[in-house]
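Heads up, the next two complexes both have chain A, just with different partners, chain B and then chain C.
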Partner chain A sequence: MENKQSSSPASFVDSTVVPGDVVLDLSSMTNQTIKLGGGLRQDCDAISATKAGTLRFSKPNKYWIESSQKRYVPCVEDTILGIVVDSKADNFLIDIKGPAMGFLPVLAFEGGTRRNIPKFEVGTLLYLRVVKANFGMNPELSCTDASGKAAEFGPLKDGYMFETSTGLSRKLLSSPACPVLEALGKKLSFEIAVGLNGRVWVNAASPDTIVVVANAIMNSECLSGAQQIIMVDHLLKNIQ
Partner chain B sequence: MEEADEMVTPGEVLGKATDLKAGKGAYAASHNNTIYASLTGFRRIQAPPPASNDKRPTVEVTGHKAHGPVPEPGSVVIARVTKVMARTASADIMCVGPKSVREKFTGIIRQQDVRATEIDKVDMHLSFRSGDIVRAVVLSLGDARAYYLSTAKNELGVVSAESSAGATMVPISWTEMQCPLTGQIELRKVAKVVN
Partner chain C sequence: MEGRLANSWRLTVNDKNFIKTALLSEIRIDGRKPFEYRKISIKFGREDGSSEVQLGQTRVMGMVTAQLVQPYRDRPKEGILSIFTEFSPMADPSFEPGRPGELAVELGRIIDRGLRESRAVDTESLCILASKFVWAIRIDLHILDNGGNLVDAANIAALAALLTFRRPECSLGGEDGQEVIVHPPEIREPLPLTVHHLPIAISFGFFSNESILVIDPTHNEEAVMGGRMTTTVNANGDICAIQKSGGEGVPQRVIMQCLQLATSKAASITKQIKDAVEVVNTERALRKVKRHPTSTGVDVREKQN
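Then we have the complex of A and B:
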């Protein structure tokens, strides 16, 4: 028969859900506060999914839906890679692969004043932090961390940028380190910046290294940890 | 009053300023003392009120269906918020006083005009959302694109808003509205309900 419509929370956690599935029934869970993350919506007593993906639960009370897309939905405190599209009097307009352009205020840099406004050409790649991301408004970005220090944010020079899905970006940033990055790091030396909006920037001394790293990362999306290590060994053997 | 008057267009001569007084939709040009029409409509002449010294009849241009009410500085308007940005919110003016408008007027509510206290700490996203109905007062004619509106009084602000679940929210305080279906509280600059 089809899947049993049991509404106890344990049955849906870590399994795939599609939009419309009722994943939690609040009438059976009284006196609890639960926090709903992205992809979940409350309709009176039923919590239903609005995104297709895997339902995740983290103690004590957080539920959210994890999925991997090409398009990025801005979230506060995400670190992303943006490309300058235009500059206006007060803001730079940044393309962040999302539904709307991001605004980077001209003063949002360490030690930024009206006298030393940076001049970015159209097409400059920047490593940024999302400050405000409200529905319907353009997200506000910044090149400083929460305390105002530069902390690696800002323009990225040289190197090569390629696009990935948002799920792969999150895997690359997870800790402990992603197997493909560990395996590459043992043999090659390179610099990498991962944006949660599905962009990755790689820089190394020689173009060969950059290409190998980029290809290894792009191949690793659907491979398990062990398969990733085998794939990296294979690639490195071919260039040695 | 005469019936079945002629239709006039802006710029047409209506008479001399020595014979007529300019009423609604007409104006007197000072350099040659002529009255011209400034709107499209029917030319009507009204007899002078018996009590005044001025014996000239008033000519006015009325009757065209586009002559709805127009927002004036100081008038209270009802508007629907269309876009909320970092320091401004745009709104479509729907009613001026008790009457609905016949053409499209746009208004802007600036960050400093949202409320009367702590105006530099206003977060536009916590005061208005797209789709809210607000009561505001017109500050000025603004620029070519939009009137300047203000909600900086207790009885001005969000009158009606929909929650993210789709239900009309109930105001709880001057900063909060609650959804009746889910119980979620959303922040807005709420207008005080005066009975």
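Then we have the complex of A and C:
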């Protein structure tokens, strides 16, 4: 077992690691800068995993651990779907499926001033961006992008929202497009908003399209690309 | 307070409106039709009297145990049947550990009424010595996952567990025939309970627009519906119990429609339970058959030489 740890770091990339595994040994890589993403921690010369999942590497020097959970841990610059729970004087309290409520300042909208504060009733679904996410504090959210424009953030009307795992949300947002979305898009027309916190919103003209899209996405988590396409064909045949 | 708010499950305004709009065109969010039941899967544990039922995403585990106790004074010749429910916090964020809430008590009462009032379990056969010793059957129902419609799933779990439960055989002995000897299962085969019929609980959900009716509501539908009703019927068409606590009013013809639907569903669910129990009983019986230790295979080739 000791031999494996001193061999090249490529041996751990794309394989499953558990917390405590030493995935990189810096003493064998001098004069290199590497960037550590989520789930990795540096202890002097050893990089060890703190999350269970798959170790990923992207050129030139980024390492991170990818895992799929039902719980969401807020990260800066994530786009998420939140539900309004309460409105206070300065913030809206938003439920983002994380350990704490998110705060959305009432002025964090394009052209937002004290005179035109939007009124959201409890239960409104919003598409938001995470601005600040520190351990122990409530994350701060915003309905604008980094330059202050609205850019599709804000309340979502009609449609249907369902919950998924964080891994499935990331797959749906990956490029090239996820096979299930491509297969559905060829036959049906629908609108979709994916939150990295494990929430997906679908809207279409007729209710049965929405139901088919929602069920197809929920079923596609454990299937490979080819299986997803077969599953979608099967579902579409049952409606027509 | 904020910590607890962060953990509860919420329904958006979009979902509420969508569920109601979709039902107007007879579509439910999991693709079922309004009068379609979810898939039921019944599994059994290694011990006699333990069952696990999965109804869609709802999971309930049932466990039956028995103990010799003194009977109630006003019923000296009858055994005792009691039901305990435990809503585990892992089933739903709103379930708290400790004392059962209103929902847990209501669920226990519906199942209890279905079994007791209809005399599905024969309590008189549980009496060993009148006024002294009777069997007290205790059914424990653990809710493992709440995907909607806990009552129906818990009822099926209770029935499946009762049908596979075996109580030890006992006989009277001692000097004056007043002592009860309980025989261990290795000496005398344990006996099944006498269950006359299977009362199946079927739940309905009512929605306010155009008095729409659905059978077997899911978790989302339960949060949106205006009223619910649970009818307990058996495969013979007897109505064992009806429960409608609060919620919006429904006209009489809707109640009659529900009862007719329930009777037709009860027949298929009864068959499913009986088939599953039959499979398990045959498997257990085969395991108990003792093979003769001296029987060995005979090599035929030797005889040819």
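Basically, the second predicted complex is superposed on the first by the 233 of 240 C-alpha atoms of A that agree within 3 Å, B and C clash if a C-alpha of one lies under 4 Å from a C-alpha of the other, contacts with A are read in each partner's own complex, and residues count from 1 in each chain.
One rule holds for everything that comes next: contacts are C-beta pairs under 8 Å (C-beta built on N, C-alpha and C of every residue); 3 or more make two chains touch, one makes a residue touch a chain.
Since we're looking at a predicted model, the values are computed, not measured.
Following the overlay on chain A, a side-by-side fit with no clash is recorded for the pair chain B and chain C. More residues of chain A are in touch with C than with the other of chain B and chain C. Look at A:43: by the touch rule set out above, it reaches chain B but stays clear of chain C. In the superposition on chain A, contact of A:103 is made with chain B only, not with chain C.
Once the two complexes are laid over each other on the shared chain, residue contacts for A:95 go to chain C alone; chain B is not touched. When both complexes are overlaid on chain A, the residue A:134 reaches chain B alone and has no touch with chain C. Touch criterion met: A:210 reaches chain C, while chain B stays clear of it. Nowhere in the superposition do the C-alpha atoms of chain B and chain C come closer than 15 Å.
Across the complex, chain A is touched by residues 2-3, 5-6, 10-18, 21-22, 25, 27-31 of chain C. In the complex of the two chains, the chain B residues touching chain A come out as 83-86, 124-125, 129-130, 165, 181-182, 184. Touching chain B in their complex are the following residues of chain A: 41-44, 103, 132, 134, 136-138, 140.
Considering their complex, residues 83, 85-86, 93, 95, 98-101, 121, 123-125, 156-161, 201, 206-208, 210-212, 214-215 of chain A touch chain C.
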